[in-house]
Amino acid sequence: MKQKIGFLGLGIMGGAMAANIHRAGYPLMVYNRTAAKSEPLAEMGAGVASDPRHLAQATEIVIAMVTGPEALDSFLWGPAGAAAAFNEKKTFINMSSVSPRYTREMAARLAPTGVSFIDAPVSGTKKPAEEGSLVILAGGAQDKIKELEPLLLTMGKKVIYCGDVGRGSMMKMFINLLLGIMMAGFAECLNFGRLGGLDFEAMLDTVASGAMNAPMFQVKAGNLRDKNYPPAFPLKHLAKDAKFVVDTAYESGAPAPMGQMLLHLYRLGVAQGWGDEDISAIAKAFEHLSPATA
Amino acid sequence: MKQKIGFLGLGIMGGAMAANIHRAGYPLMVYNRTAAKSEPLAEMGAGVASDPRHLAQATEIVIAMVTGPEALDSFLWGPAGAAAAFNEKKTFINMSSVSPRYTREMAARLAPTGVSFIDAPVSGTKKPAEEGSLVILAGGAQDKIKELEPLLLTMGKKVIYCGDVGRGSMMKMFINLLLGIMMAGFAECLNFGRLGGLDFEAMLDTVASGAMNAPMFQVKAGNLRDKNYPPAFPLKHLAKDAKFVVDTAYESGAPAPMGQMLLHLYRLGVAQGWGDEDISAIAKAFEHLSPATA
Amino acid sequence: MKQKIGFLGLGIMGGAMAANIHRAGYPLMVYNRTAAKSEPLAEMGAGVASDPRHLAQATEIVIAMVTGPEALDSFLWGPAGAAAAFNEKKTFINMSSVSPRYTREMAARLAPTGVSFIDAPVSGTKKPAEEGSLVILAGGAQDKIKELEPLLLTMGKKVIYCGDVGRGSMMKMFINLLLGIMMAGFAECLNFGRLGGLDFEAMLDTVASGAMNAPMFQVKAGNLRDKNYPPAFPLKHLAKDAKFVVDTAYESGAPAPMGQMLLHLYRLGVAQGWGDEDISAIAKAFEHLSPATA
Amino acid sequence: MKQKIGFLGLGIMGGAMAANIHRAGYPLMVYNRTAAKSEPLAEMGAGVASDPRHLAQATEIVIAMVTGPEALDSFLWGPAGAAAAFNEKKTFINMSSVSPRYTREMAARLAPTGVSFIDAPVSGTKKPAEEGSLVILAGGAQDKIKELEPLLLTMGKKVIYCGDVGRGSMMKMFINLLLGIMMAGFAECLNFGRLGGLDFEAMLDTVASGAMNAPMFQVKAGNLRDKNYPPAFPLKHLAKDAKFVVDTAYESGAPAPMGQMLLHLYRLGVAQGWGDEDISAIAKAFEHLSPATA
């Protein structure tokens, strides 16, 4: 008998993830601030909660996939917040991207309710969310994560155990730091090559033929070729992640020269008004800084 | 009937490349400053020239794979230099890594001899050189490069046409800039994660499971795990490449913030005495800058 | 008739500032967590409060000069906190260095008490504090600041009106950003010159003779010459200020490439264990990154 | 009896310096590629040479103040170049800004002529050149520099002995690195403050009141206030100096993170077309990278 799942937050990612849970046969109830986004799930047969507390009362496992700390605070502790319905029989899985520090504070605040708390952000964007091929970065009690694996694998292809609560968020920052470096690095290299007279396709071909070839380069190359950046992962979110990285590095003493460079570059992209475009729009920053006539 | 090949420079890369030419059945003559390095080739049946000019006189196509401009200058225009034996019937292929600027100057200096000059550095290090799976980045007359393809493919798996003479070197800088960014970025991320309490293997697993996975990460991970950096590509060479990048970016006006960061980091690695270790030894720079007790 | 002043926080800076207020003839009561630090003031004739609330009850103007937000939170809202004794007849002047964001939050939290709140951090370190020659960067109601000027000028040589509450802290960050850049820049230049064979005194002489000569260079030169860094302004405080700058720049969208470089450098200094030395100890970071034999 | 002086290069700096030599009563002959620039000196009574060799033949001490290595190469070794007229009785003083490396190469190339070679770039721009208040950074034989001091002091207020030939240029790079850092730092701070709501004059006042106050800030403030950047020191020259710094730091192993940041920023300024404006136009780079609406 499958557990009853409550899903909070039905944006691009959350909507696709909830749909995959439903398809796998779990009884599902959803909630989203903008009610219209619940409709596709309701049409598939999911229940729709009137508020977060109602959702938490009616289900055994609550999953959140929202935009950040403000939304989480509101869902958990705002009016009709879910936390008031949590108890030792229930499980709360936060899959939203937040900082390790916020995650640890959230864990401390949830502790008195007795709820099992799992920190499980994901690596992967829109397409893997739709295909159920996300990589799930889980922090918390290892046996509990093991127990939840069948559920998590309806959304992802793999669960990576990262350590205690907060380590899932830490791993997410680790991988997004690498993403940010590779995206900005790719853009810098292509612009450098362009100004040196190289052909775009020849550069791509060189990357594709060697040890630096990563799937993301082929995925993002189309945007850079067409100078069109439909958001798979909005640039402003990576700017936010870069800030988390710099904050976390400040606390741990980790040298993060490239992370700081990213914060500068992606924040500059937001300041130029490109925050809602894809992270690959960072290519525009390099053009913006190049000689006009080149 | 295969052309007679002369090969100058039998280091780690050159020795392996010359051996592959020989294995493919081309008549081969070699020359190396340190004569001992010619022995393995001689044992395979290659001829050994007494000096670069002798090599150029006795062959139709001269290939150079040396450490940089000084060695090239010496081989071409030093005592018993090869350039004096060049003429319109001969071809000179420089596969050594040099700057685009030096390449263009070399082309101008060679022009009066009438020799066909091809600029063909490679992407790939020791193992691909041995396996004949390098990627060859060729600049020069396109029909000439087409004609040389069978020869080049004895050393590599692919020839990428990059444009005029100098563009091969430019492409090499492009790809080595990406290499340098990804290597330093990987090291920064792993150190950041370490100080945040993450497990090395879990980090690797996360990288391997997502869109950022590039073959080089798996190749270099062993060095970082073992803190042992046997040189496949010496760090000092990447420091030199980073300097070429910064010089070239200065001339073209290309913004190169990450390239400059690399110059800083890899040069720092050389200053610390790690120049002869592998580029993955850049990981030590991040540890060097981290809190001692972490 | 001079107003009764309460002074919270008697560290290096606060002790000297309180002494100057006393010398100027204001009735003074003090409080410090570590009671021993109140003794010199008590010997001069100042009253000693038993707790912050007592101090606020017994005086008309409360001044705080503490190490940061935690200390302020505790003094104002902790057990026997001062805020409970504030009312519309009283004035609270925060001279501690905190972020503009914290200052605005503090203002909002104090508003219900009716207290007049002035944000007045200082530019200058130990010596100017002792000599009463600080520069006071005041934010808040302009007429109130005008009214307080005689009091403020017992501690400083000048009051600069910076705008609304929070702008004093913003100005402090502005000037400390410049301080951090000039200190790190000076250290980088001297190390660069040293490795280029220049004599330390000749470099100083060159700086002193031209348009870049700033008093701080002469003040700090002795530390760099002697490689001894007694704290006038602890390096860890500048690391903290650099973090405030990066946080504030992130919010406003201000490009802060040099600010981010500072955060990297000074944080690295803290990680190396130099946090309690003077900011001029940043010179050690440049040596730490230099070739050993040079 | 004063020595006969030959002066090569009559730009903004050179013209003013030559005039000061003449006013001090030295017999003076001048040469400039664009002949019109010799006229003001001719009207003052200076001789005008027909070419650099003529100048060197007719005088005892030749001073060059030109734009860089190309001009120096041409004046010394081009058609009718001065070097052919040098001998052990003559002295050549290069006051142009060039790299230490170029200076050492020039010294080696001049050695066979027997000429006494002094490396003496200056700190200071247009106004100090006119007022004879430059700081002269001299490298070469110390007794020779002592002997030349009266001549040098017609152009400057001070001669700083920097060491062997090449050290004058090294000192010039040292001081221009500091200049570049302070100029860019000032611009970053003012833009950061502006976006944080601070008033321009209040910021200036804060700088002027504290230990960071350097004459250059007051000198450049007017340009930043008016957003008008008439060239006292063209931005493109500082970009060139930053490149010299990065090149020199690469060779010596000196960490130069701020120097590299400068290269990025000033080169970006040149790429944007501001190369002929004053270095203070770097302020535009910070605005260019800021949110449009702020």
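In this document, chain identifiers A, B, C and D correspond to the written order of the chains, with residue numbering beginning at 1 in each.
Operating definition for what follows: a contact is a pair of C-beta atoms (placed from the backbone, for glycine too) under 8 Å apart; a residue touches a chain by one contact, two chains touch by 3 or more.
Keep in mind that what you see is a predicted model, and the values were worked out from it rather than measured.
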Which chain's C-alpha centroid is most distant from that of chain B?
C
Where are there more C-beta contacts: C-D or A-C?
C-D
Over half shared numbers or under half: where do the identical copies chain B and chain D land at their interface, same or different?
same
Determine how many degrees of rotation, between 0 and 180 and to the nearest 5, align the Cα atoms of chain A with the equivalent atoms in chain B.
180
Quick check: how many Å separate the C-alpha centres of chain A and chain C?
39
Contacts with two or more other chains occur in chain B at residues 249, 253, 255-257, 261, 264, 268, 271, 289-291
Where on chain A does chain D make contact in their complex?
268, 271-273, 288-292, 294
Within the complex, chain C is touched by chain D residues 100, 123-124, 135, 137, 157-158, 160-164, 167, 170-171, 173-175, 177-179, 181-182, 184-186, 188-189, 191-193, 195-199, 202-203, 205-207, 209-216, 219, 245, 248-249, 252-259, 261, 264-265, 286, 289-291, 294
What does chain C use to touch chain A in their complex?
243, 246, 249-250, 253, 255-257, 260-261, 263-264, 267-268, 270-271
